[in-house]
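Per-chain numbering from 1; labels A, B, C and D assigned in written order.
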Amino acid sequence: MTDTPDLSVELGFLRLKNPILAASGTFGCGLEFTPFIDLNELGGFVVKGLYFEPRSGNPPPRLVETAAGLINAIGLQGIGVKHFTETILPQLKDLQTAVLVNICGESEEEYVRVADYLNGHEGIAAYELNISCPNVREGGRCPAQNAESTYSLVRRVKQMSARPILTKLTPNVTDITLIARSAEEAGSDAVCLVNTFLAMAIDIHTRRPKLANIYGGLSGPAIKPIALRMVHQTAAVLSIPVIGMGGIMSAADVVEFLLAGASAVQVGTANFIQPDILPQIVEDLRRFLVKNNIKQITDLVGGIKSP
Amino acid sequence: MTDTPDLSVELGFLRLKNPILAASGTFGCGLEFTPFIDLNELGGFVVKGLYFEPRSGNPPPRLVETAAGLINAIGLQGIGVKHFTETILPQLKDLQTAVLVNICGESEEEYVRVADYLNGHEGIAAYELNISCPNVREGGRCPAQNAESTYSLVRRVKQMSARPILTKLTPNVTDITLIARSAEEAGSDAVCLVNTFLAMAIDIHTRRPKLANIYGGLSGPAIKPIALRMVHQTAAVLSIPVIGMGGIMSAADVVEFLLAGASAVQVGTANFIQPDILPQIVEDLRRFLVKNNIKQITDLVGGIKSP
Amino acid sequence: MLLDTKAEIVGRESWGDYFLLTIRSPSIAEKAVPGQFIMIRTASGPYPLLRRPFSIHDRKKDTIDIYFQIAGEGTALLAAKKQGDECDIIGPLGNGFLLDTLAEGRTVAAVGGGRGIAPLFFLGNELQKLGFPLTVYYGGLTSGDLPLEKKFRDKGIPVHCSTDDGSTGFHGLVTDLFLSFLPSSRPDHLFVCGPDPMMKALSRICLEERISAQFSLESIMGCGFGACWGCVHKIKTQGEAEWTKICQEGPVFFTEDIIWNND
Amino acid sequence: MLLDTKAEIVGRESWGDYFLLTIRSPSIAEKAVPGQFIMIRTASGPYPLLRRPFSIHDRKKDTIDIYFQIAGEGTALLAAKKQGDECDIIGPLGNGFLLDTLAEGRTVAAVGGGRGIAPLFFLGNELQKLGFPLTVYYGGLTSGDLPLEKKFRDKGIPVHCSTDDGSTGFHGLVTDLFLSFLPSSRPDHLFVCGPDPMMKALSRICLEERISAQFSLESIMGCGFGACWGCVHKIKTQGEAEWTKICQEGPVFFTEDIIWNND
């Protein structure tokens, strides 16, 4: 009981000091959080989605709050990969935590181009392929809604990538396990789920959508029960690690995801609300393990019992 | 301004005195609510899902509350169609409101059998085909996740039905418009959406699912933004009426669904929390119309403007 | 049953994480019988979403009391309510304890575990009026779980206490306390309310000892008035064991009808 | 910027649906400059989910004030807070008004619409210290929207009021009030905070009249510290018009850099 429990997780291709990662798009490039926390206390973080070129994103309003949820339609405004490697990456190089880059593209070629460019730079632990952003294409469609597009895209990037590939999946599908399997077969080293749920809200006085983009992606506690189910389904059929997310606000939420089969988790929207939440979750997890006499956090993974 | 606005809606096959219906499974057979409200103030109500035979449902726990949501795994416990026509239906016959019956089945044959049996009884305005319950089959699957099964089932029931058919769709699909189109092509008179989202929750202390059935269906305010988006997408491509639902808790929520294209709405979970909510919503809607000088509620339907 | 959306809280007491609220609602108070419950909305927004069920702990002319322990978010919000606040309630719900069948001269006892003591005060008072003096066995984890002991005594209702840690009264489970009294003062009829394991154990004892008994069951409730089918327990009805809505057919059932180990 | 999760509310005033809270947070108070804001968590649970932004209305040694109007659920919860309650805040955020560039002898004025008056009191006080007496134009729909008039006067800050319904002061829009004073007392520099249509109109006036001006913009904010990219407004930066995060690069911008009609 006096031993401090082991929080580290081995994903096979990457060892994390703890299973708590910050989710892409909710953590800027990490530096936004240094006034509040020590980034080295995290298992890692995923920087905001990057296209090859800078991108201007969607017009505002870009956010609307719903019951226990947030709909965003940022539209992946970003600085592009060159600017990132020149101005941001050097500032991250001394961190003792895993830095992952979320890669976006309008086409398979663009994903490859971004990965290729990043291959030539140090200080990145892995690529997270964002094939699931609902805010870019007409009607919220994305490659991760289709098993073939998923397979083809992941395979192409995997073949040229100098780094492990995590594929980020969308929950806006009939059967998440089919898409996850495609990603695994195409060589993905892990899958991350879920990205946001396509959603909308309407201002009844102006009769206009509350988002300029009409649709956006729903995140936050509202979606947790659906995300958890998808992680549970996916972990049951894959051999590669599943990284779970969706509405995590506490260590208890993290434990739920681990029990459902996630090897690690990402925390998104909660960072906006409580910018020091990540180290707090790590600390609360440690306490949970001590209290329940669990020696290593990996003992929780997939530990759900039958009802 | 002194005129009372016209709340009635004409669905083509059915005229409702107002667009507010109670959703199936959340309103019992209606009689449970007579201590609180006058059923005649409603546009109508849909009785709890009926199989041909009585059904014992899932073991408890059957409910778990989540952030702004409720997961249920009742498993369609019910009295069966004979008992219903013998003991319940006669009690409803003098109501001045539309009584709809939610029809379930383990197979196409069972849906047909239930409809056939009900054809022989008076006092039912229409059938709502529940092809979307996540709590019955292994892993939450249902016919409404597949365009072909939807088409085939709706077509068979439509051919023998003495009454209009509303098809109730599941949100657990990649593209709701494909399924909705199948229902329309098969002859459905309207579609109702959404049923619940497949979801789960885990007790971190016992490590067991919080529902004995492991998975259940998420309803309530948490799902509203996703449901609204699906109604908006569906109404844009169908010619038959769309009946919207998911998380409605107020007249403002109803107006959002109408603007998105719903011709009428159903209210589910809210009935548990506020058993007199339906007439209150009707009254609040009336006030909204008066205040905004809208003569008839149908003026709102599909009235969303571009951003 | 009635919906009273603006019932005023006119009294409040607390002991550690146990609370007692007195709520003004003349029409609900008038109809209430022991063993019935009310459903309270703990927040006006969507979180917590559902109402929460609480036994009616006491009833005066115009008011009802509830007595509860903080268990989560909903009860915490309720505990934060102050005198003068409004409270949105539905009640009285369920069937309550069956008292008409008690034959003259019969002795009655009740076992309450923790917050399960709540309905037994209303019950004790009514039984007193009917001429059946109730003996109460009151158990908790520790002495802080038994704040109502004196209240029962002051009302002339004898109470025997137990705590799991021995900090007050009998050292051990309330079921063992009850068993220890059985040889000397065996009741003809027993009323039980408490956590499931305690109720299961007492159920077995009552069946073995052929003591007729009524149990007030708990379950997560979606509505409280029979609409959601969420609150079922397996109950024998006319011989058949069926998932039965405890909000409507219960929450009080007789030992012989309750099937434990839901399967 | 700092996270202060247990800042105590040490003062509270209210006028209709306008409220003023005094919050003890020495470290945030120490750093604050006029035009900066704080983000407040209005509930501990998931509803409302996001923090809400409020301008710093006043600053004492150990405390900051916010002044707000009820707009929805979050502000209603905030209005219900009492003295002694804890409050979870982040601040000071954003860049505030640029004051160093004011040359000696320059005259300054400010226009505040409704709740937009909030940052102008802190601003007026600081400008007073710097030797620039501020004239304030204060507009609202009706007289109840102008509860701070006296407070400004008591501080020696001249205020001209307008109401849309004429119930107090100038009958009309605050922009028209400002225009009516323009010939006689034209400011060299203007500070503006209020609803978008008012700011747009003043922006046009300032450009036409060649009055340099700073505007405090509003937007729905996800985080308040640059992480979500939710709060953008189109702003000219080095000639290029770009969606710019107002929480980080603003909320205060100069007229010539702001592009209205987001497109």
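Heads up, the rule we're going with is that a contact is a pair of C-beta atoms (placed from the backbone, for glycine too) under 8 Å apart; a residue touches a chain by one contact, two chains touch by 3 or more.
None of the values given here were measured: they were computed from a predicted structure.
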Maximum inter-chain contact count - chain pair: A-B
Most remote chain, CA-based centroid, reference being chain C: D
Separation of chain A from chain D, taking each centre as the mean of its C-alpha atoms, in whole Å: 36
Chain B and chain D: spacing of chain centres that average the CA atoms, whole Å: 47
Centroid spacing, where centroids are CA-atom means, of chain A and chain B in whole angstrom: 34
Sequence positions of chain B contacting 2 or more other chains: 67-69, 212, 220-222
Sequence positions of chain D contacting 2 or more other chains: 45-47
Topology of the chain contact graph, where touching chains are joined (line, ring, star, complete, other): complete
Touching residues (chain side chain A, partner chain C) in the complex: 67-68
Chain C contact footprint on chain B (complex, rising order): 25-28, 32-33, 35-36, 48, 56-57, 59-65, 67-70, 72, 74, 77, 212, 220-222, 249, 269, 271-276
Residues of chain D touching chain C in the complex: 45-47, 73
Footprint of chain B on chain C - complex, ascending: 1-3, 41, 46-51, 90, 219-223, 225-233, 242-243, 262-263
Chain B - residues contacting chain A, complex: 66-69, 71, 139-140, 145, 172-175, 197-202, 204, 206-209, 211-215, 218, 220-226, 228-229, 232-233, 247, 252, 255-256, 259-260, 288, 303-307
